[in-house]
């Protein structure tokens, strides 16, 4: 079935002949294996460009910042899936990645779009406060949440945010988007009526957009990072399984609030 | 529902209090972000240990070697999935990872187990030829395929294999498993009756087992690597979509070999 | 980690003691197995109510209408995934389901919301033309696509649409939403400037909303239906594999439009 | 890339021209929608044949028997995934299906193969006791688990098993595989040394193989059934979310058994 106009597949990522695999214009075996780190290769795969030293540093720092945060829901889902289907590691990883959605990790891209919106609105003026007020005001009027601001746990700024911004500065990265992220945090109390601290989902695009990482690929960063974290958890799960223990604990206080047939007694469990 | 004996979830990967996130014994914000590369962090997450310089080099090289190989079936599946469900990047990545199974990428672990079997059988003797003959003979008798040997495309040794082995040697890695992998390749013609070249699925465990990467986590290496490749392809797909073009081409010569109702004419397509 | 306010899990779907499994208030072994069809059970699971005879008929008809449509992209993705990972049928089904997104099958819910919007706007008036004009005009002003209208293949009304509407009428279903769906089709040319035929993604909610199926569960109907279709395809794939043939065909005319290293010749493929 | 010998995709399931969609030789709009139940259509899709009345009854009963069993691990994984990524219902369903693996639901196929092995061994003799002893003895010698026997909860026979067998008998299904399943249960104590009750994963193939459902498609039955159950849960999750509550409860008693940095105090949580 033909859907859409394009019928010939084309791509600028990879080609090969019987002797050589070419990736992004380079000979994989001769010019990439052993010559480039995995982080730099990820940057090259996504952008077609090799990263600057600042980009390498910042991309490593953001991947490290969000790869692991303990037994969060997506890790639990992944470990439960491996417990139930231990032969298919790829299925357990996939189940964990499927939780990298809008609520928990997906805000990196939407926060990046917010930062870009403020940058465009400021139009060359590097005092971002006025532009931030306008854009946040529009979000408020549309009753949209401010992506990348507020956190269920941390009332102080998440320590990963300061660490990321410090790394970016020390690496000589362009600090524009970080300044914008700070400006937004500053105008939020006045416009929204409460403090919403800049969280790691805003810090990641703020740091990455300053080193040339594209907005369209921002959602890929938490996904790649979490894949590393999931593999750590699943390797542990294979040795010391807790998937079923998590599931047991989760429902210990479970309340059934539906109907029961006559004579049914839950106490007979 | 209680399944199994363990009821209290425990893990040695991550804990936190309101100020500090601890991963593998280290303060994430103070000791890891900006201080450790993503590759080294992956090694730390999986093993609990920081890698040696040789381990860093070899792990980077293996991840780079298999992250990308063009529009392979799992990449096609992933790009088609994004075309059909563009709002859920995580779903398209998951669909691509689900193809990292036994046939295409999953052989890394089974090949690693084969190498380990030969090492144990050799029992300290570092001439692996005799042990390889025994083990491969047993595989043949059991009509099992030799995981990590043979390749649909390359009749010569895949150039990635030589590159990986060269990187391991230059980095000063333990070459035991690489010697075993070579020994197996050498005995195959005599026992199996044809050449089966050592492929990248055997080269990866051969290199990684020499730098302390655990067998149980080997399947995670192609999964993490391919996630990076998939994000590259999906970023391109968002800009220059080919998911539906791939699907159209795939069925251009499609043959329906089932029944049809009376009067149905396919030419009326 | 605590996210959100609710901490005690509760559900009205299922409970059990050591002898009895209760689903939606009924004893599974005594009152459901052998007493209720799978389609009626699906309705009961989703709504907590047993379906009327009209609801049974319409739900069966909608599930049958969209379970199967040949080698569409999600079926191709699923068959390629099974080819690459044949041990994990659940992974191949999951890969296929991940393509049930907004573009291809997910429009059932958004189309249902459109129908409901027109119904509410008409406010008891059962001439839906005026309300349809208003709502479609608003969609046009917001440059939103009209979910459930237009089709890449069929310029005539898809024959499944007429079949579904005929079934609903013969079963004595409430025809309100079907009348609304027709009204929308009628006003589209005047407002949008071209014909967009009512497609199966609008016909499904039009039929189902008239028999008490909830809007929030509409997305589940194509997913359940396609799961049946995928299992049909994957059973065939296990016997007569075409996953790799699809992948091969898809890239036969592949164009690489990136850079190549000096001396690389594609003709040496 | 060409993998394998087959290059032209062919299928006997579906074709279409601009007016007609043909599925398994029938006109979808004219002969199937409104004429056939979803369960019968599933049988037709998988086998190419319309089911006998006994097959309809038994297939409905097996699908109803395993669609829902409360907040089992895969349902928890699915509800957590929807909580984290609420826009992608298909992702949450996929995450739930990925738990339909060898341990929890996947035993239907392996149990079916065990039943078939005993039938073939009996070689026309309809006293299956001797053949069952041989085959179970071989499983024991190979230290293989007996798929479909034993249950974490029920020490008595699961009430769903008796219900399924009663339905099959009342429907006039061929009882061969059910007799084999009983024979296996009877010989287990003598050979294995303890009672292992026939569970629902053996009852499903025992019933289905008697009505012509193919062994190769057995794994699809729990997957299709659970998809219906998952959609019930996810519809409830959208209205009364508990995904994060499940995750919170799961780790309330979590024990971190790794190292901590100097000065770190967990009590400061």
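Some points to look at:
Just so it is clear, A, B, C and D label the chains in written order, and each chain counts residues from 1 on its own.
Here is the rule we go by: a residue touches a chain if its C-beta (ideal position, glycine included) is under 8 Å from a C-beta of that chain, and two chains touch if they have at least 3 such contacts.
These figures come from a predicted structure and were not determined experimentally.
Chains making contact with chain B as well as with chain C: A, D.
Across the assembly, the mean Cα position most removed from that of chain C is the one of B. Across B-D and C-D, the chain pair carrying more C-beta contacts is C-D. Centroids built from CA atoms put chain D at 23 Å from chain C. As a whole-number value, the distance joining the C-alpha centres of chain A and chain D reads 34 Å. Inter-chain spacing, taken between the CA centroids of chain B and chain D, is 29 Å.
Residue positions 1-4, 8-16, 18-20, 30, 70-73, 83, 85, 87-88, 90-91, 94-95, 98-101, 106, 153, 244, 246-247, 249-251, 253-254 of chain A each touch two or more of the other chains. Because contacts link each chain to all the remaining chains, their graph is best described as complete. Chain A meets chain C in the complex at residues 1-4, 8-20, 22, 24-27, 30-31, 48, 70-73, 85, 87-88, 90-91, 94, 152-153, 250-251, 253-261, 264-269. On the side of chain B, the complex with chain C involves touching residues 70-74, 76-78, 80-81, 83-88, 91-92, 94-95, 98-106, 243-244, 246-247, 249-254.
Within the complex formed with chain A, the residues of chain B that make contact are 1-4, 6-16, 18-21, 23, 28-30, 32-34, 36-39, 41-42, 45-46, 57, 59-61, 63-65, 67-71, 83, 88-91, 93-95, 97-101, 106, 153-154, 156, 159-160, 162-164, 166-167, 170, 214, 216-217, 219-220, 223-225, 227-229, 231-236, 238-242, 244-249, 251.
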